[in-house]
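Two complexes, one shared chain (chain A), two partners (chain B, chain C).
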Partner chain A sequence: MASTAAQCQLDSVSGMTLDNILQFPEGHRILSCIQCGVCAGTCPYGDVMEYPPRKIIAMLRAGMVEKVFHSESLLNCVACYACMTKCPRDIRLTDILLPLMKEQALMHLPELPAELQKALQNTLRYGNPMGESSRKRAAWVKNAPVPVPIMNEIRRPVDVLWFVECYTSYYPRGQDTARATARLLHAIGADFAILGNEEKCAGECGRLTWEPGLFETLTDYNMAVFQKYQFNRMVASCPHSYNAFQRRYIPLGFTWPVDPVMAYLAYQIEKLKPLLTRKLNYKVTYHDSCCLGRFNDLYDEPRALLKAIPGVKLVEMVHNRMNSICCGGGGGGMWLDTYFKAKGHERLSERRVKEAVATGADVLAVSCPYEVSRFEDALKVLGFDKKMVVRDVTELLDEALEEQP
Partner chain B sequence: MNIVALLRVVPDVVEELEIAPDGKALDSEFLRLVISETDDHALEQAVLLKERLGGTVTALAIDAPEIDETLYGALARGADRAVKTGDAEMNLSARAAALSFAAAIRDLGPVDLIVTGAQAIGDLDGLVAPMVAYYLGMPYLGTVTGVAPGASGKSATVIREFPGGVRGEFDVPLPAVLGIQAAEKPPRYVPVAKVRAAMKSQSIATCGVATAAESGPPVVEVLSMAKPEPSGHAQMLEGDPDVLAARICELMGARGLL
Partner chain C sequence: MARIGIYVCHCGHNIAGTIDVKGVANYAASLPGVAVARDYKYMCSDPGQDLIKNDIRDHQLDRIIVAACSPSLHEATFRNATAQGGLNAYYFQMVNVREHDAWVHSDKAAATEKAKDLVRAAVYRVKLHKPLERRRVPIRPEVLVVGGGIAGIHASLSLAAAGKQVYLVEREPTIGGHMAQFDKTFPTLDCAACILTPKMTAVRANPNITLWTLSEVVKVEGFVGSYQVTVRHKPRYIIDDLCVGCLECVEACVFKEPRFSDEFNVGLGKRKPVYMPFPQAVPQLVLIDPETCIEFKTGKCKKTCVEACAERNAIDFTQKERLETIEVGSIILSTGFEVFDPHRIPYYGYGVYPNVYTALEVERLVNAAGPTGGEVVLRDGRKPKRVGIVHCVGSRDEHTNRYCSRVCCMYSLKLAHLVKEHTDAEIFNCYIDMRTPGKTFEEFYNRVGEEGVNFVRGKVADVYPDGDGSLVMQVEDTLLGIVRKIPVDMVVLAVGLEAHRDADAVRRMFNITCASEGFFVERHPKLAPVNTFTDGIFLAGCCQGPKDIPDTVAQAGAAAMEAAALIDKGYVELEPMTASVNEEECSGCKTCIPMCPYSAISQKADVKKAFINEVLCKGCGTCVAACPSGSIKQNLFEDEEIFEEIEGVLAYA
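Up next, the complex of A and B:
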């Protein structure tokens, strides 16, 4: 699904609620639904939902939608954009209709799963879902292999503001990605800095996970921080935050060009390629993250980066590119593993890892910070952790850089 | 049934705690405060009772930095009014907090039930609730995990938890003060939009501020406060499993554990 400026504006439809949804062109489109059921069929959890997207639209049109709010169906939506990408009527399910439904469900559900509730509360209080101190967000910088300037310390304009995000800042394996990214940015001579402890979650999952109020709190905060500093562009480690800036922040006055790290590096591949001199004899399969792939058409950029590494042999999984299977972390799924398990649902990360192992690859390359922990856990649960390792694309690029400090 | 939930904040242990230069208190520079977990449960229990039996819930908090957020959160959760008392600057002792609560409760009008946390990380002795009961001349029950007011509204059946998994059922005349150990259900999620709506449409009252003079000089003085000193470290053993197993047996034997 191409991301044109016009579509960005459509995404920004603010003030759309379920009550007035038909008043907006994007909402009006639900009337054109032909009930073909492709959405339910392509949904990775479509088989366990009492009300999959097709039924939701039918019930919305029949004025019977209250039932949906009182069911747990929407807890299974991992915001993977599969239904929306394949809808023959271009109905904006993942980014407009389902979030509006989820907001209502949150108000009506008697109890939120504890893990999800904690993640939302933590994000509000500490700016990250894991509930770590906001004052330790930039702690990883101390062990970074290259200097990582922080905006409020350097007090000068920079070319690139690098938005590191939560998992990359706090989660130990995410910090590996942060350090690799820092070294790559340094190697290509980027003039970059981060926000350090001033950064808070961009809120994409807040918006797509039931909580518009939380999202507003985070966007108000982050916009005020961005406006304090001068920078030409933003580069985002987390595809979810890229998604938020690219789509949801624009109507709030976000004017900077923004790229995910994958795309930013891919656009400078000519600069990067001569530096990738260490041969890595890996057979690699790449998992398309939902936000980069299906939602933003960034399928080729991460693959181009992997192909630029000497010795890397790239193989594809059965489901790839637009048909990629979600890792299960989006739309709040990151904090619903216990819930899914209790319901007896297969974890999507496990479904995906089986496909990855079947390719015979020894490295599963990823581009979203959620995926590292999800796939590493899945490999361990299925007993494949000796066969395959999970590496962010930036980690592989970093390993291929000639001089290791 | 009119219920008052007493709320206090405690240091947020997510942030690293530092000792102030005088060695007698926590350094307030990096200190963040958060609602005491058991007080949060008390508020939840109050709202659950109101939903079941009708009546009103008043959230009454000792003033502190960021307390307004907590009180608006209580309103969004279902409390009918939010009141703060005490002096944010005073760093109240348990006795002064209890005096402030008691003074405020007298101002609030008729009350049937007062709930608060049985303990707090800053009050492990759990002194506040019984002292409030003493100042108001009401009965007190602590470590409560269940409350069922009787049909007449004159008494309540209360479940208390004891060590070793033992539970006791008590009948208590109302009004009474209960120290809540845990609500029937974990505190619910309050959507941020609801908190924001409460901020716009509702307000926080102030009442019954007990002055420093009223609460008198502190009865207990902090002489010094220090972080625990590590007394030992784990020893990591590495190598061949068979050799390690023998080594572990040897070490445990030397300590008289085998």
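Up next, the complex of A and C:
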């Protein structure tokens, strides 16, 4: 979907002016904007932004670059790809234009929102936004139900390098996903290993948020680690890291085929199906994560996995597939909840769970590690936590897996 | 020694703005064999052509070169001038210094050098030109019109009025096309049926028109003047000559109530297995749908229809498909369009929310002969109080169709007016740009505005239910700079026009071309808008591109005139740049036969050598290049001529 070369060129542009935006083919396309407003109309924060994407383009074309840079509008961009997916001129708003503008806007802020600043500093210092010790990254493995080999311990080539990512490694509910994934990989007989404490955040959110420097530090680090080992393919738990590897790391020499866990499992569904013997009598609604869905067209794979579970009844929310509503965690939104609250903006995770609850489902299935915590919080805040639980698709698959000795 | 005249055209600033035309002419004068070299402002003008004619006489020229625009524009002009000057028309060579040079370069010195190279190449090759003669082919007087919408109807009637014999072939059971489904027509609000059905009956009544419905063309052979066309007649299960259209069989059908989706009402109404497509259908014949008729499905129907038909005996369950081949001299394609399928834009909720309609469905709802008798009501019978009209659905969008469908703004205004008139609902038209560029169109826009229709400038981003049964249209009002969530009872999608799904198969069958968006390509976008690149095949209506009814009718008239002109002239002249086989060298290997895109090559049975039908050959050169023994040559492109041309272009001064 994305033109990687154009992104790299644009990533390296410093000192953003109208002229150098127009210099690159992807930037040049803003000249074709017909000001239809579908971007603003579909943006989950379109009604609270001072300058929605349409207006930003109009202002850029009118030479009002500074005014755009001095507006806080773009802090609302949760990088959900909704505007880009519907743009009739196919202008690469979410992955190219808006991050560039956002970077400038953040630089012009008198003060960065504290929560965001902390997350970015943590990521730089500890390799994860929570500020947890990098030595504890693989701590979850001790409680894993199956052996989880670690590259620098086993010292042999593997077929699959599983990139676990931060939330899945540290956050307690994320670790549930990690353990479920480990059991599934084991069950289908995958020859896999993880990087353990050597792994650091892939950096996608950093790039879409601020500071390309932070992103480069992480990419350089991760690439050096990858190159130490021999593996055939990478499987990523976090759709954000999948995006980073698939699009941003390639120009840096990343040549391995990479799949998000959802797709990797879906491609082996025939192997998996006979193992899913326990009936789960759940009514499930699936939330399309922005990175898997809109940005990578992976709509059917998670649904195919859910449908493979005996007893599961899948229902759809009003906004589904390419029209899904973001959980609000992308583009740094994960660390802007306090900022949004101060501004009086509705939390998108709350908007989303209202739709989920309206389906009458009792399980909200997700595929991105951000969503578990965001939706669980939202359900609690709205008092729906008795009605509905949040489960990663891998957790549901794991639950349906036959008992293992 | 040849005596060549060279003329370098300025084409106003088009060429002279980039190329030093005097310099090129002076250079040309220095080349061996060149007797006269001139530059002139507009060579295609009469004085320009006179220059050529006079110089041939005054300077005893025997070859002519014009360096000007593309040969596709003026080669014929200068060949004629050459012939009028007394030379064979093919002693002429054209050099394209406009499209190939001036228009594509900005470096003036280099462009001038390139022009000199191209002129020199022509000087080398023109000396080898041989005199050639155009062949005449007679034109059969019958015309085939494919597709019986308003374009096909109008073209057929125009030709018939001029006394020409027309075969009108329509795939559906009735003619009328999309126009028959419309309620009123913009901007005058004439009733579509009132102005269309008289023309439909006129088709049926005209002795010069042979009307075949439920029929489609399956094979086309031949060439301009003499096409052999095979038509498949699908069974109607009704004997045309015996059915009087009394509808008693429909009344008597074992299905007491109509229960099958009615195609004419785009699924909003129901019909029986035996039915008349709509009351004014032409021909006034019923038909039986074998997919739903019990007799076809089980063979055990009581056949109450046959009973009702009684001694008229018009029902025949044994009818079979049959093929018929006709000969025609020219063909008009008027195969129409399809409306965009809005399932392709999931966020507008078509097919998910019952109160999201296409514009064509709403045409049927407002129509007095439609499924609701002209009541604009929702699927649950309620009258809508608020109606949203979404413009540009499947148009102007990289994800669907890039082009503007041209008619949707106007029909959306029309539907806004009609729905308001029928329901007094509040109407919201959400548009990107309001396009009303036609005679009295802007006045109509003004009128609809004054009627109180709300115009919201913005592309609708989302349609979803609000929980209490109505729908929300979410759209940025770009003029107000706010996102609006407009509650409505009914959403109308102004779906765009698309090429017919089988346009590609049709264009292959008729050997014409489609552009990337699937519409048939005209020979020239301005100057030959109804011609195709295949002689004798013309275009009319939306198969060539989206257009409204007035433009369609105008184009149909033009296509009819082109066909009539061919017939009245009685013959066509064919360009002589055809290929021919040197039988002595041909080994009979048949390599060339499948290569020919025009099926012009066959093998002579007696001598087992390739033979090229000069009438079918278009001079594309494929066989010449493919022949392993080099035994095919092509007029004007003989090896020696091409080699000399290459020598010439490479012979830097």
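Definition applied: the second predicted complex is superposed on the first by the 384 of 405 C-alpha atoms of A that agree within 3 Å, B and C clash if a C-alpha of one lies under 4 Å from a C-alpha of the other, contacts with A are read in each partner's own complex, and residues count from 1 in each chain.
Just so it is clear, a contact is a pair of C-beta atoms (placed from the backbone, for glycine too) under 8 Å apart; a residue touches a chain by one contact, two chains touch by 3 or more.
All of these numbers come straight from a predicted model, not from anything done at the bench.
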item	value
Room on chain A for both chain B and chain C (clash or fit)	fit
First, second, both or neither for A:Gly213, with chain B first and chain C second	first
Touched partner set for A:Cys36, first chain B, second chain C, both or neither	second
Partner chain(s) touched by A:Tyr126 [first = chain B, second = chain C, both, neither]	first
Included angle at chain A between vectors to chain C and chain B, based on C-alpha centres and rounded to the nearest 10 degrees	140
Contacts of A:Val390 with chain B and chain C, given as first, second, both or neither	neither
Chain B versus chain C as contact partner of A:Val363, first or second or both or neither	neither
Shortest CA-CA distance in Å separating chain B from chain C in the superposed model	33
Shared contact residues on chain A - chain B and chain C	none
Contacting residues of chain B [partner chain A, same complex]	14-16, 30, 34, 185-186, 188-189, 191-196
Residue numbers on chain C that touch chain A, as the complex places them	346-347, 392, 396-399, 432-433, 457-462, 464-465, 467, 474-478, 481-483
Touching residues on chain A, where the partner in the complex is chain B	106-107, 111-112, 114, 117, 120-121, 124-126, 131-133, 135, 210-214, 216-217
Chain A residues touching chain C - in the complex, by the definition given at the top	34-43, 46-47, 52, 54-55, 86-90, 318-319, 321-323, 358
